[in-house]
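To keep things clear, I will list the structure first and then write my remarks on it.
Labels A, B, C and D are assigned to the chains in the order they are written; within every chain, residues are numbered from 1.
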Amino acid sequence: MTRSSSPDLDKLLGHAFPVLDDGFVRLVDYMGNDSSIVQAARVSYGDGTRKVSEDRALIRYLLRHQHTTPFEMCMLKLHVRVPMDTWRQWIRHRTASVNEYSTRYSIAIDRAQMTPANAWRQQALDNKQGSSGFFASDEGERFSAAEQELHRLSKQVYQQRLDAGVAREQARKDLPLSTYTEAFWQIDLHNLLHFLALRMDSHAQLEIRRYAETIGEKIVKQWVPATWEAFQDYRFGQMTLSRQEQELLALVVNGQTEMADAWCAKSGWVKHKEERRILSREAKEFAVKLASFGLTPPW
Amino acid sequence: MTRSSSPDLDKLLGHAFPVLDDGFVRLVDYMGNDSSIVQAARVSYGDGTRKVSEDRALIRYLLRHQHTTPFEMCMLKLHVRVPMDTWRQWIRHRTASVNEYSTRYSIAIDRAQMTPANAWRQQALDNKQGSSGFFASDEGERFSAAEQELHRLSKQVYQQRLDAGVAREQARKDLPLSTYTEAFWQIDLHNLLHFLALRMDSHAQLEIRRYAETIGEKIVKQWVPATWEAFQDYRFGQMTLSRQEQELLALVVNGQTEMADAWCAKSGWVKHKEERRILSREAKEFAVKLASFGLTPPW
Amino acid sequence: MTRSSSPDLDKLLGHAFPVLDDGFVRLVDYMGNDSSIVQAARVSYGDGTRKVSEDRALIRYLLRHQHTTPFEMCMLKLHVRVPMDTWRQWIRHRTASVNEYSTRYSIAIDRAQMTPANAWRQQALDNKQGSSGFFASDEGERFSAAEQELHRLSKQVYQQRLDAGVAREQARKDLPLSTYTEAFWQIDLHNLLHFLALRMDSHAQLEIRRYAETIGEKIVKQWVPATWEAFQDYRFGQMTLSRQEQELLALVVNGQTEMADAWCAKSGWVKHKEERRILSREAKEFAVKLASFGLTPPW
Amino acid sequence: MTRSSSPDLDKLLGHAFPVLDDGFVRLVDYMGNDSSIVQAARVSYGDGTRKVSEDRALIRYLLRHQHTTPFEMCMLKLHVRVPMDTWRQWIRHRTASVNEYSTRYSIAIDRAQMTPANAWRQQALDNKQGSSGFFASDEGERFSAAEQELHRLSKQVYQQRLDAGVAREQARKDLPLSTYTEAFWQIDLHNLLHFLALRMDSHAQLEIRRYAETIGEKIVKQWVPATWEAFQDYRFGQMTLSRQEQELLALVVNGQTEMADAWCAKSGWVKHKEERRILSREAKEFAVKLASFGLTPPW
């Protein structure tokens, strides 16, 4: 008997995939593969081994029905280089094992994430925590110049403190959040998929999304292809319908417009204030789902 | 670059070490080795690689000073066969990943842990949750016969239910706790050492101790020898001295008997009731520690 | 400032809700209420307090969009009495704090869960881990009689061991899984809702479902009514549609039958073997969803 | 029945204890008290209630023997205001529930931690991750002036970005690590004691130590006085002796100097290189422990 392995992933061991201007995701080690998930699930079922086609079907079944424990039986260990700003979001996932570069023990990494002139994003108006569209280059150049000047001064102040003998743990206190850090980050596949579902989402901040996409597309996809496919179908690409949405969808697809109208009024999804129609946030969210089926809302 | 590995452990892959009358611990997979711990720690220090002798020293330093995160960077996956009674204690460790054989889905394993006539243990008198000494064989034989009769009836009732078409999830309800179950159990090395420290301890119940010893001596020792040695020295074999014990030890080793007496009285460790001297539980625990140094308590 | 509280829940403190023949769920303590969730969420938003109607809307928004951390800010502590068989499923939820009655330290609870003659369930034919329908009373009576006899013998063997001085930790080894145990079980609201979503589900075993329903309906509903309502709408009562199901639903609701047929063939959902039509498991699952909208599948 | 409470802590609800120049620790909510720990432990023992003096003894026993689960039965919820630099250390404790102020959603808190002229610390020479002693005021004034200038520029760049409409999620990227953040932080008592043991330690960075001391002395001590006392005696104030240290201590206290010398040579604790005696790190650590007993090492 030998260890479970993934020949496609073995080729990537030690490889660093670049992200942002100076970051990376580097594959350090892993345990398990698609078959390990199946193997663990079959312990529960008291089952022996089967054909590969049945393995794929079982993985899809497990993911579809949220039988999550077999997916914990695969581990991934990455070495990542990330701006501290992004790392602050990343580290909120508590289920990983982490060893981070210590700027208390060592001199900070001499590099902060820099923004090209064409990469400054405008505040989204409809979403307080989002961005929407980019600035024109000339305006972007002014932002980038100011960023550069701030990085220069930060670096100078940090260096002066170190040169004068200030303790590293204190000298670092005013480094910009854009300063790169590095870490070993180890997580099981179940929790990794949860991380990816949240951080590959269009609502995730662009920077962490770039890391999540790299981990997903460049690494997980090669590592556990059947799981990755099932993840796309049942998790990342899934739609959820609330109790209310199911009720209203039934009315819409059966052409019961009057009842649908009554439903909207009663539920408070659609209100009328003088001449204006006011839709609740849920109503707007539902309209987007309906549109994906080529259907129009009752209002 | 290739995956970290442990050649000594590779030889044991798939091997099942027997435990109790019909249990086992089987090595399924692993990730990492002693060097993986060092590698993760050196990310924190921003350090490159060093000599093996320095690796050992670093591992000892990390374990001695409770720098626990690098030890999370090694994973072990076992297939175990355990009486449910023992499993109830095992599963209390919440930091592992588990897939257990389902007696809801499948027919229960047709085997319960049986006790040889010479293995029946007497209730400890000084420890409500312990045992102390064995019964004589003739008495043990009576216990074993009754055990066998109970197993026979349990099995018969279970089989009759299944034969009549009772749902497996309900038919199993009266199986004895000694019924064997199986599981895949995956845990990182830090949490595994915590498990072993508790379950190899002389206060742990004999049955789970047998499993812990097997995992420790047969598997962990071959897998991460430097860590295992450090674990013996700094965790499993360590002694702790409370604030009070430190104070009293200082008095004892300096021959300050009067002050030691006063200390014992004031602290309430030693009380006198009529003619009798009553020692607190802490005092008794301290006396055992003193004895290990060839010292006698002040009372 | 005083502690957050829930007057409706305060009335239930110490109350034991009966479950099964001799089990219970007793409310011991709690922290937080609906407003605590809102309060924690508003720290993230840097927001002040608002009207109660806005609180409800925020709770619904948080739950709908899986902003789960604010729900961790409420804690529930229960004292439960449960057959060990059921407890084995319960304890698999690793995110709770647990102190269980120790049959190593104390004599086991003198009570095993007994099944009335009309409560024996038949093995489901379409679901290996389910039951379906009850046995007739006369057959049930035979099962109950055998159950009683087995309980009697188990108890007798246990008592004989204790009387002879066998260590409690060993004497208990053959108690039936139906033996009641007790525990303090403490969990935060986010993880509790996850527990309830899984264990109130129709696929959960009847016994643990009774406990989950009791916790949900009798306790959580009074404690955090806005959260409970949102849970019903967005979690417990939600439907998920995979990528494939969304594609096919779009074809069905737009009456594109030919394309739907082609889709079914291409995806492998519908196969034909000689005269017979074979539906994949996913196809069958989708048909149930369609039916809930009054729609028929294309096959 | 009413909820468990701690009258001394009730008086502190809502109170913010200042830490550093603009930070605080504010008590928001809690669950349980010393009696809750006892109550949970006695479920395990199947025991009823006892006298308060016995409660204290039981708490001490539990903490001394690492029976940690009953301490999970108390919860503390704090509102903290902390420099992000310190928060980066804080958040590494994964067992807490957290809701942090979002600078993606809201404008960052307009305050960075400032260092008085007399509070600049020198790099420790013997400890790469420590500080040792303070700078003279005149040098400190130069550091503080540079700090102020850097804060001014950072703030200006941030404000210019916001004014021009840069997305908040991106505008924040160069804020200094000293910028204050706020969070709700909820943790159970067992994990809190672990946090305090590490972060009140003399090796912890001064800033987080100030927070830990505030939480410990101002809050935990009033909340669970018996536990706090036991924590001081058995955890925070405890000494550990490795296997090797126990061996050598036995030789030292029994005046077996020759054997002690031989032990030191054999173990590699003491080496001689030409004229110089070289002590291993473990030897130095042991000498400190010996000194606390008024004993001198054999070398």
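Points to keep in mind about this one:
Just so it is clear, a contact is a pair of C-beta atoms (placed from the backbone, for glycine too) under 8 Å apart; a residue touches a chain by one contact, two chains touch by 3 or more.
None of the values given here were measured: they were computed from a predicted structure.
With chains reduced to the mean position of their C-alpha atoms, the one farthest from chain B is A. For the self-contact between chain A and chain B, the two sides draw on mostly identical residue numbers; the shared fraction is above half. Across the two candidate interfaces, A-D and B-D, the one carrying more C-beta contacts is A-D. Between the CA-based centres of chain B and chain D the separation comes to 29 Å, rounded to the whole angstrom.
Measuring from the averaged C-alpha position of chain A to that of chain B gives a distance of 38 Å. For the pair chain A and chain D, the distance between C-alpha centroids works out to 32 Å. Contacts with at least two other chains are made by residues 45, 98, 102, 105-106 of chain A.
Contact topology of the protein chains: fully connected, every pair of chains touching. Residue ranges of chain A in contact with chain B, taken from their complex: 1-5, 10, 13-14, 28-32, 36, 39-41, 43-47, 69-70, 72-73, 75, 77, 79, 97-102, 105-107, 182-184, 186, 188.
In the complex of the two chains, the chain B residues touching chain D come out as 45, 57, 60-61, 64, 66, 128, 198, 232-234, 237-244, 246, 249-250, 253-254, 281-282, 292-295.
If you check the complex, the residues on chain A that touch chain D are 83-85, 88, 91-92, 94-95, 98, 102, 104-106, 112-113, 115, 120-124, 128-132, 135, 139, 143, 146-147, 149-151, 153-154, 157, 160-161, 164-170, 172-179, 205.
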